[in-house]
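Below are structures written as structure tokens.
Next come two complexes, and both contain chain A; in the first it sits with chain B, in the second with chain C.
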Partner chain A sequence: MEVYVDIDRCIYCHACEVACERVHGEARISVGAVEERASVPLFCHQCDVAPCALACPAGSLVQGESAVSFEAERCTRCGLCAIACPFGAVYIGETALLQKCDLCSEREVPACVLTCPTEALIWGDGEDGAKRLRRRAAGRMAQSCAEAIGRGRI
Partner chain B sequence: MAEEKLVPTVCPYCALGCGFYIKLKEDGPEIEYMLDHPTNEGSLCAKGNASLEIINHPDRLRHPLKKIEGGWSRITWDEALSIVAGKIEETIKRHGPDALGFLGSAKSTNEENYLFQKMARTLGSKNVDCCARRCHSPTIPALKRAFGSACMTNPIPDLANSDCIFVIGSNFAENHPIVARWAMRAKDRGGRIVVADPRLTPTTWLADLHLQIRLGTDVALLNGMMKVIIDEGLWDRKFVAERTVGFEELAEMVAGYTLEKVSEITGAPPEAIVRAARFYAKSPSSAIVYSMGITQHSHGTNNVSACADLALLCGQLGRSGAGLYPLRGQNNVQGACDMGVLADFYPGSISVHDREAIRFVEEAWGTRALPIGMGMTAEAMPVAAAAGDLRFLYVMGEDLVNSDSSSSRGRRELENLDFMVVQDIFMTETAEMADLVLPAAAWAEKEGTFTSSERRVQWTYRAFHPPGEARSDLSTILDLADLLGLDFDYAATEDVLAEIGRLVPSYAGISKERAQGIGGVIWPCPHPEHPGTPILHQEGFSAPEGRGRIVPMEYLPPAEETSLDYPLLLTTGRVALHHNAGSMTRRSFSLMKRSPELFVEVNPKDADRWSVIDGDLVEVETRRGEAWARARVTPRQEEGVIFMPFHFPETNLLTSDVIDPEARIPEFKVAACRIGKMKGV
Partner chain C sequence: MKDAKAGPWRVLDVDVERCIGCRACSSLWDEISLAPALSEEGPQRWMRFPRVFEEFEAKIAESLAEVCPTGAISVTLADERPLEEGIDLAFNMIRCRRCKTPFATEEEVKYIKERIPEDLRAQNCAVSWMELCPGCRRSVGRKEAARELIVVRSGARR
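Here is the complex of A and B:
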């Protein structure tokens, strides 16, 4: 299971950040606005070939099948993972060791997904997440298409 | 294993009434999402997630405090209440009951507000009001006239069934984020979102069509849209003929609002106005969502009326997906209004001028000679204090100093009071000015009902003990009433709710048990078996003859215009991470970290003109005062207009005190101003 993002729905409300901080002590997700026109939540993508895990000399970040796990007791705080991550989604935190999304391993569904007011964050496996995104996009487009061929409501 | 307990609660911030659980466990409380709540389905905005940060906050007021030379002295509750009772009696004896003022709270429960106004009016004072005066007071006269009742017509989740959502003067994506959930569900079904707003906001990101209109030109836009709708024959003839009055006058008046003229006034392109009009009128079900961008104007009542006219003209009411949504700001502002904490209404919307109906209240309260006639409104109280007409002010949970427009004037005026008592959870700027401060319990430290913007009445449970000696407003009022010799005899909170039900017909069927259910009950709920009424006006309106009244409104420009000395316009609003006057969110660590200080948004062209660089500390000055804010140079703002959020005390030093003649709301949204950089730095 992974967290998918429906960019059309992100409203830059920061609910995911505050929820993550509430649960983990520090926010492992952050939302950035782009050109005052859209915003994007950034968090660990749980890469299949994770640069952070490849870079980690201590074996603290471990490449798993569907997630990259973190073993705190091995971490030396060298910071190579933070440099390696292309998304800036791994960092050395203020209050704890390394901060990286662990998909809320202690919960059924991650807090950011549950709290997201607009359902911009989707919890599902690869196929499921993509299917939900497609269904929404189709619904949004259907009306314009219907109008274009003279079958619209308006 | 340590015992865990889940206590359901209602979010204390905005008026959407989102539910969540407080999980009580040994190592501290935690939030658990309430997935089956009908309004939020578990989701919470940033403020909701941060809400427990104010419970047990080090700044909480813990003991009654009396002002002494150079500070405060801790006193006992007995001393405090006898001082308040003594001052009330003394004021009545010397100056009469109309020298007493009572400001209720849109953060307190229905039961607390009900008893608060009952105490004030039983003492003979007409002067009862609350902060609704500064947010939706125009909604009340305008929608009462149009529909017979002044509230949101459909529940929030019903927005998902709208084919067109017309948003005017609301930035719900930041200020009521859960509304965006349902608006996006409407889009998933092919629905359209049309937003009229002078600013680029996260709400306009969601729009299929954004009309970037000039400040305060809403009535011109609405009239222009109605002219298009009438000219193109898109209005609902059957609905207008059977269920409304006033169409002819409207048609005659809007005939003057040609596209050219409306485009010139509003700045919106003519074709966009036509598209917006067609979307709204032709969609099978359309909704209008509005908020402070409509109400906080010197012609706020006209703005609301014009929104209601559009809905009546197109028959977009009384059905699923078709409704009018005034989005309210405080968790219990709807309830405070229902309870009659308004200078113009007794509980249950009984007019203060209606002698017959007030006689009914007198009988219910077992009292005689309740005051008749309009009391002082929230904004009139400081003015009356300066004039010496108001001598004593009781403020329950409200930071009027920070939330009043032109606030330095208000502050000076309040200094003239003989005595002010403030009951709050924090030492707000208003409390600092008081003679006596009483510590109050926060929402999850007491019990009672809150009524959300959707008219949803929900129970709040006591999950925590209030800190120190803080007490619920209810117990404070009951003890004070006792000292004043008033016969307030209630064994429990639900006894107050039962009395409310006897006086307010919409609440007659609402019991503690029903309010405790997930999602509570949506009023009107006239008897215990009634399921509640999510959608209003399905059969008829509660206005005379059951007909909706279309009242044509001419466009009036904002009161202040730019001049050589004040070449820019200042508008105000909210941000996602703060709430109203900020006494709670400015004390919330996770919110302050993300939004730490007052800022001012300036268009890049204006920034060039006044040599402002992003990140500069700039001075903003209006005819009433000046304030410092961090510049954010951004195209979110159109040229000639700057924006400041009102969650920080400085903003309202600047705002205009011109008021709407009917609703008496100040024009927070438009003030002529100038900006400059800090000199000598």
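Here is the complex of A and C:
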């Protein structure tokens, strides 16, 4: 299972960050605006070949089949993972060790997904998540076509 | 009572060829100080390692060598107290190509690059991401993700 993002629905409310912080002590997801026209939540991509795990000298970040796991007891706070991550999605925390999305391994559904008021964050497996994103995109396309026809543009 | 001035002394050594200036040791032992600095060569990270461990720091001395990712730190017992108070190292920092903020030492980046396969580094980016600071990587990633959406939304407002 993975978290998918439908950025068209993201309203820059930061509820995901708050939910994440409540569960983990610090937020592992961050929402940022782009040109004041869009906002994008950003978090660990759970890479297939994860640079953070390759860089980790302590065996704290471990490459798994569908996710990159983090074993806190092994972390030495060297900070190399944060430099290695291509997405800037691994943080060295202020209070705890490193902060990286673990898909809320201790919960059934990640807190950010449960909290997102617009369902911009989707919890699903590869097929399911992609299908839901496609269906939404098709719906939006249909609606804008209908509007254009209504205004006599087509 | 044991004379506090007597040996043997637990002495810390740093292999300057191996140390990459990461923060594993200083996170464990706050006597190792770390500071940003500016030299003629550009931004630097300065590190100062104390040489002698006090009696109560024996446990830390043991773990320090373990946390060092490159095996640069070693702790030995010496009969004589070393003359110099500390070991000072300076590392050149790499500036982010986009925002110019120094974000990693040259040695840290070299260490990581050696562990990442070449084909992965070249994948879908003209500029290797390691030339950007983590914050700029997020900005660039967001911009890329929102590109189409911004085109659509800009059109709708016209």
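Assorted remarks:
Here is the rule we use: the second predicted complex is superposed on the first by the 142 of 154 C-alpha atoms of A that agree within 3 Å, B and C clash if a C-alpha of one lies under 4 Å from a C-alpha of the other, contacts with A are read in each partner's own complex, and residues count from 1 in each chain.
The working rule: a contact is a pair of C-beta atoms (placed from the backbone, for glycine too) under 8 Å apart; a residue touches a chain by one contact, two chains touch by 3 or more.
Not measured: the values here are computed from a predicted model.
Clash-free side-by-side placement of chain B and chain C is the outcome of superposition onto chain A.
Contact with neither chain B nor chain C is seen for A:Gly64 once the two complexes are overlaid on the shared chain.
By the touch criterion stated above, A:Ala142 is placed in contact with chain B alone, chain C being left untouched.
Contacts of A:Ala55 after superposition on the shared chain: chain C is touched, whereas chain B is not. Look at A:Ala38: by the touch rule set out above, it reaches both chain B and chain C.
Contact with chain C, but none with chain B, is seen for A:Pro86 once the two complexes are overlaid on the shared chain.
In the superposition on chain A, contact of A:Ile7 is made with chain C only, not with chain B. In the overlay built on the shared chain, the residue A:Cys116 is in contact with chain B alone; chain C does not reach it. After overlaying the two complexes on the shared chain, residue contacts for A:Ala19 are found with chain B alone; chain C is out of touch. Touch criterion not met for A:Gly126: it reaches neither chain B nor chain C. With the two structures overlaid on their shared chain A, chain B and chain C come no closer than 5 Å at the level of C-alpha atoms. Residue overlap on chain A between its contacts with chain B in one complex and with chain C in the other: 8, 37-39.
Residues 8-9, 11-15, 17-19, 21-22, 36-39, 111, 114-119, 135-136, 139-140, 142-143, 146, 153-154 of chain A are the ones that touch chain B when the two sit in their complex.
Across the complex, chain B meets chain A through its residues 30-31, 33, 35, 40, 42-46, 48-50, 163, 173-174, 177-178, 180-181, 184, 187-192, 200, 202-203, 205-206, 278-279, 282-284, 576-577, 590-591, 594, 634-636.
If you check the complex, the residues on chain C that touch chain A are 22-24, 27-28, 67, 69-70, 103-104, 108-109, 111-112, 115-117, 120, 125, 129-130, 133-139, 141-143, 145-146, 149-150, 153-154.
Against chain C, the residues of chain A that register as touching in their complex are 5, 7-8, 30, 32, 34-35, 37-40, 42, 49, 51, 54-55, 57-58, 76-80, 82-92.
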